[in-house]
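So that you can tell them apart, the chains are marked A, B, C and D in the order they are listed, and the count of residues begins at 1 in each.
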Amino acid sequence: MADQLSPAHVERWVHGFVDAVEEAGDHLTDLDRRSGDGDFGTNMVTALRRSREVLAGADTSTAGAPFQVMGETFLAHSGGTSGPLFGMWFRDFGKVGADAGALTLAMVAEATANGWATLARLGSAKVGDRTMVDAIAPASEALATAVDDGSGLVEGLRSAAEAARRGADGTSDLLGRRGRTSYVGESALGSPDPGAVTIALFYRTAVEAATA
Amino acid sequence: MADQLSPAHVERWVHGFVDAVEEAGDHLTDLDRRSGDGDFGTNMVTALRRSREVLAGADTSTAGAPFQVMGETFLAHSGGTSGPLFGMWFRDFGKVGADAGALTLAMVAEATANGWATLARLGSAKVGDRTMVDAIAPASEALATAVDDGSGLVEGLRSAAEAARRGADGTSDLLGRRGRTSYVGESALGSPDPGAVTIALFYRTAVEAATA
Amino acid sequence: MPLRRQFLNKPDDVVSEALEGFAAAWPHHVRLNEDPAYVVRARPATDKVAVVSGGGSGHEPLHVGFVGTGMLDAAVPGAVFASPTAVQIRAASMAADTGRGVLHVVKNYTGDVLNFRIAGELLADEGVRSDIVLVDDDLATDTGDADGPGRRGTAAVVAVEKVCGAAAERGADLETLTALGRRVAAHSRTLSVALAAGAHPGQSRPSFELPEDAVEFGVGIHGERARERRAFGPTGELVPQMVSPLVKALELGRGEQVIAIVNGLGATHDLELYGVFGEVRRFLEGAGIDIARPLVGSYVTSLDMAGCSVTLVRADEEILKLWDAPAATPALTW
Amino acid sequence: MPLRRQFLNKPDDVVSEALEGFAAAWPHHVRLNEDPAYVVRARPATDKVAVVSGGGSGHEPLHVGFVGTGMLDAAVPGAVFASPTAVQIRAASMAADTGRGVLHVVKNYTGDVLNFRIAGELLADEGVRSDIVLVDDDLATDTGDADGPGRRGTAAVVAVEKVCGAAAERGADLETLTALGRRVAAHSRTLSVALAAGAHPGQSRPSFELPEDAVEFGVGIHGERARERRAFGPTGELVPQMVSPLVKALELGRGEQVIAIVNGLGATHDLELYGVFGEVRRFLEGAGIDIARPLVGSYVTSLDMAGCSVTLVRADEEILKLWDAPAATPALTW
C-alpha cells in the first residue's frame, strides 16, 4: 500500500479508469438516454481510448503527465458538454502533478478542489443541479477532511471514492438544472447522472491503483 | 372605294384587325395548342387590346402613326416569339407611312416586302417552314404584281388577302421547322399555323377598311 | 410531394418587388428604372463602351447583381424565365450608352436572341451602335446540328461579363470587345447537374420529380429536364463525369490554364459547392490542367434548384489580367 | 417525403473536404490549417488585436467566409452544428495573435461558450490575453429567465464581426473592442422564419416537417424547431410579424438609424430575400426608422433550410463608420 502515487501508480489509475468506463460505457449511455441525448458513454469511451493510444507513446515520467495527456486529448477531440469539462478536470490533475515525482494525498485533494472550481466557473453548476459536480463536491470535502486529519493515502482516497459514489447515487433524486437534463424534467428521476457516476469511477479506480 | 388609305382608313383597318383577332382569339390559341404551347391567341389579343387603348390617346394624323403605336406596344409588352416579330412587322408599316398623308398600294407593297425581309432576318424562317412567313410571302408577291400591273388599291389588297389566306391554309400540310412547332412534328399536320392565319386576317381587314 | 413555398406577395409581382428591394439594398451601386424595367449603375460611366446584359429573372444574382464598376453598365430583367422586351433593352442601352456604342451579352435562348437582335435594330434607328456576344456554353445541348437552336447559355456568361466589363473599363472599342467576348464564349463549356428541381413563384411543385437514385444530368437553368438521367453518387463519382467532357470539348491539354467556375443552382449549400470544387481540382490536377482562377458560389441560379454547374474557360494572360481587374458590383467585388 | 440529397462523398468528411475546397478557392484571402482545423488570413496582420470567431459548420459562409482584411483574423469551424474544440480555438488564436491579444466573437450556444471559455483559460496559460463578445440576438429565445441559457446567437454576429474587425484594423485595443462588440450585440435583435427545414449531410429527411399552411416562427440555425408555428402568408403579412417585435425589443424610436440584415437560411432565393427586404423597408419607413445600411444575402445559413431572418442593429455614427470601413473577405468585400 503506497502512501504516494508514483508515475507508475498514476498510469495504473488512468488505465484502470479507462477500463472501468469502457466496461460501463453502455450503461452510461443508457443513463444519458434517460436524462439527456444518449451520447455520453460513447463519447467518453471514444475519447478515453484515444487518450490511451496517445499515452502509449507519451513521456509519463512525472506524476501529472498522464493527466496532461488526457486533458489535451479531451480538449482537442471530445465534443458535447462533458468532453471539454472532463478535459479541464484532467488538466487540473495534470497541473498539480506537473513537475512532481509522485502525487500525495494533499495533491489529489488540491487537484480535486481546483477541478471543482474550474468546472463551477465554466459550467456554473452548483451542488444539487444534477451534474458531475454532485460527485465531485463530496469527494473534495472528504479529501480535505482526510488531509486535515492526517489520514494515509489509501484511506483518504477510499473516503473520497465512498463520498463520490454516495453523491452520484444521490443524483437519482435530483431534478436537472444544467445541461440537457434540465429539459427532461421529472422523467430522469430514479436514474443517476452519468457524469457523476463517472466521477465515482474515477476515485474508485484511484483506490484500486493505490492498493494493487 | 378609296384608291389611297387615309389616316382614317388606316385606323379603321387597325381596329378591324383588332376586332377580327379578338373574335378569332380562342381559335388561334387552339391552333397554337396543336402546334406549339397554346398561348398565341391570348398573347395576341392582350397586346392588341393594349394597342387599342394607346391608340385612343395617340396622335394618328399620319398614315403610319397607328402602326407605329402598335409596333411600339408589341415590342414593349408582348412576350413569346410572335409578339416581337409582329412588333417589327407593324413597325415596318409605320416606317413606310411615317410622314405620309395616306398609304398607296405601292406603299403597302413596300411595307410588306420590308416586313418580310425583317422577319426573315430576325427569325431565319424561309417559305415552307410553317410560320407566318408562309402567308406573308404570297401576299408580298401578289402586291408586287398588282403594283407592276397598275392595279387599283382595293383590287391589289384583295389579291394580297386572297394570297395570304391560301398561304395560311397551306401551312396545314407543312412540318414545322422554326419555333416551338418544330418540336411537335407530324402532330400539327392538318391545322394551319396560327401566325400565318393572323397575317391573312391582317390583309382581309385591309380590304374591309378600304371598301367600307 | 416536396412542398416548395416561397416568400412573396403575388406571384406576378415577384420580379418587380425584388427589383425594388434590390435597388434599395444597393443604392451606391445601382439605380432602378421602373418602367421599362432596367438597372443601371448609380454613377454611370461617361466615356466607354456600355456593356449591357439581360434575360429572364430567376437566375439572381445574374444579371442585376453584376451591374457596377468593372462589369455591366446596365442589366435588363425579364419576367421569371422570360426574355426582357426589345423596348426594355433599347431603353437600358440608351441609358447606358456614352456615345461609344453598346455591347450586348446574350445567353443563347430563342427569346433572348430575338429581343436583343430587335433591340439592336431599334438602337440603330436611334443612331446607337451595338453588337451581340452570344454565350452558348452548355455542353449538354451540343447536338452538332447547325440548323438547331445551338448550345444554351449558362454560367460562362459571368466570365464574359467580367472580362468584357474590365476591357470596356480600360477603353476597348466595340469591335475589340465583341471579338474578346466571342473568344471567351467560344472557349467556355459548362455542364450542370440537378438533385431536385426548383419551383416557380407561387407554385409548390418542383418543375420535375427525380427518383432517389438519379440525378438530372445536363440540366438547364429554366427548370426544364435534362436529356439524361444518371445514377446518383458521391461527388467523387459525379464530378469527373462533368469535368471530363468539358476538358474534351475544349480540347484542353496538359499545362493549359483555365478559369473554373463552380456555380450553385439556387438551393445548394456552400459546403457542397466547395466539396465539388475540391473534386474539380483533383480531376484537373490529374489531367495536368492548371486552375489559374477559381470562382465558387451561387451566381447563375435556377430559382431554388438543388444542383450545381461546372464551367471551364480556357484562359490566356490577357483574359486573366481582365479577370483580375477590379470589379465593384453587388454580387462580385474585388 | 421531401428528398434532400447533397453533393458529398462521405457525410463525415463534408466539413474537411469543404474546407480544403474553400482554401483552394480563395488562396489570396485565406490559409487553412488542417489539424487542428482553422482558417487564418493568407497575409496575417502584424500589429493589431486578433479578431477570431468560430462555431459549428453548416452556416457557411459564416465564419470562414469572413476571414480577411477588415473582419476576422481567424475562424474556427467545428463539425456540422457542433462547437469547435478548445484546442482548435487555442491554436487558431495563437496563430492569429500578434501580441496584442485576441477577441473571441462567440454565438451564444452552450458548446460554443464552453469551448471558447476554456480556450480563454488555455490561452491565459500561454500568456495570450483574450476576451469574449457573446452574441445573443435571437429574440425568439428571449424568455427573460436570468438562469436560463439566454438568447441564441444568429445573424447579428456578422455585424459584430464587421464592426469589431474594422475597429481592430484601426488599432483599437482589446478592452475597447470588447466593449464595442458588446454594445453592438446588445443593440441587435433577430427573428427567423422557416418554410422548410434543411437536412443533415447524408440524410434525406429534413430535420422537421411543416404543414402547408404553417411557417416555423422563431426558428434557430441548427435545424431545431421553433416554439411557435404561425399561419403561412404573403411576405406583406409575415414580415411585419418579424420586424415589429424587433423594433419593440430594441425600443427603436422615430428618427433612429439601423443596420438591417435580411439573411437567407440556405435555400431561399435572392428574388425572395429582396422581396422580404422591400417589406422590411416599408415597415420601418412607416415607423419612422431609417435603414442607414442594408445587407441582403445568405450569410448565416442553416444548411439548406428554406427560410430567412431579419436582424436590426441600432446604429450610431461610430458603428456606421466602422461598418463602412473596407473589408476584403471571400463573403463580404467593399
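Odds and ends about this structure:
Heads up, the rule we're going with is that a residue touches a chain if its C-beta (ideal position, glycine included) is under 8 Å from a C-beta of that chain, and two chains touch if they have at least 3 such contacts.
Everything quoted here is computed from the prediction, not taken from an experiment.
Looking at chain A and chain C, the chains in contact with each of them are D. In this assembly, the C-alpha centroid of chain B lies 59 Å from the C-alpha centroid of chain D. Averaging Cα coordinates per chain places chain C and chain D 29 Å apart. With centres taken as mean Cα positions, chain D sits 35 Å from chain A. Viewed as a contact network, the protein chains form an open path, each link joining two chains that touch.
According to the touch criterion at the top of this document, the contacting chain pairs are A-D, B-C, C-D.
On chain C, the positions that touch chain B within their shared complex are 36, 78-79, 82-83, 85-88, 110-111, 114-115, 117-118, 121-122. For chain C in complex with chain D, the touching residues are 2-10, 14-15, 17-22, 24-26, 57-58, 60-61, 65, 80, 195-196, 198, 201, 204, 210, 212, 232, 234-236, 238, 262, 266-278, 281, 291, 294-296, 301, 303-304, 306, 308, 328, 333-334. Against chain C, the residues of chain B that register as touching in their complex are 72, 75-81, 84-85, 87-88, 118, 122-123, 179.
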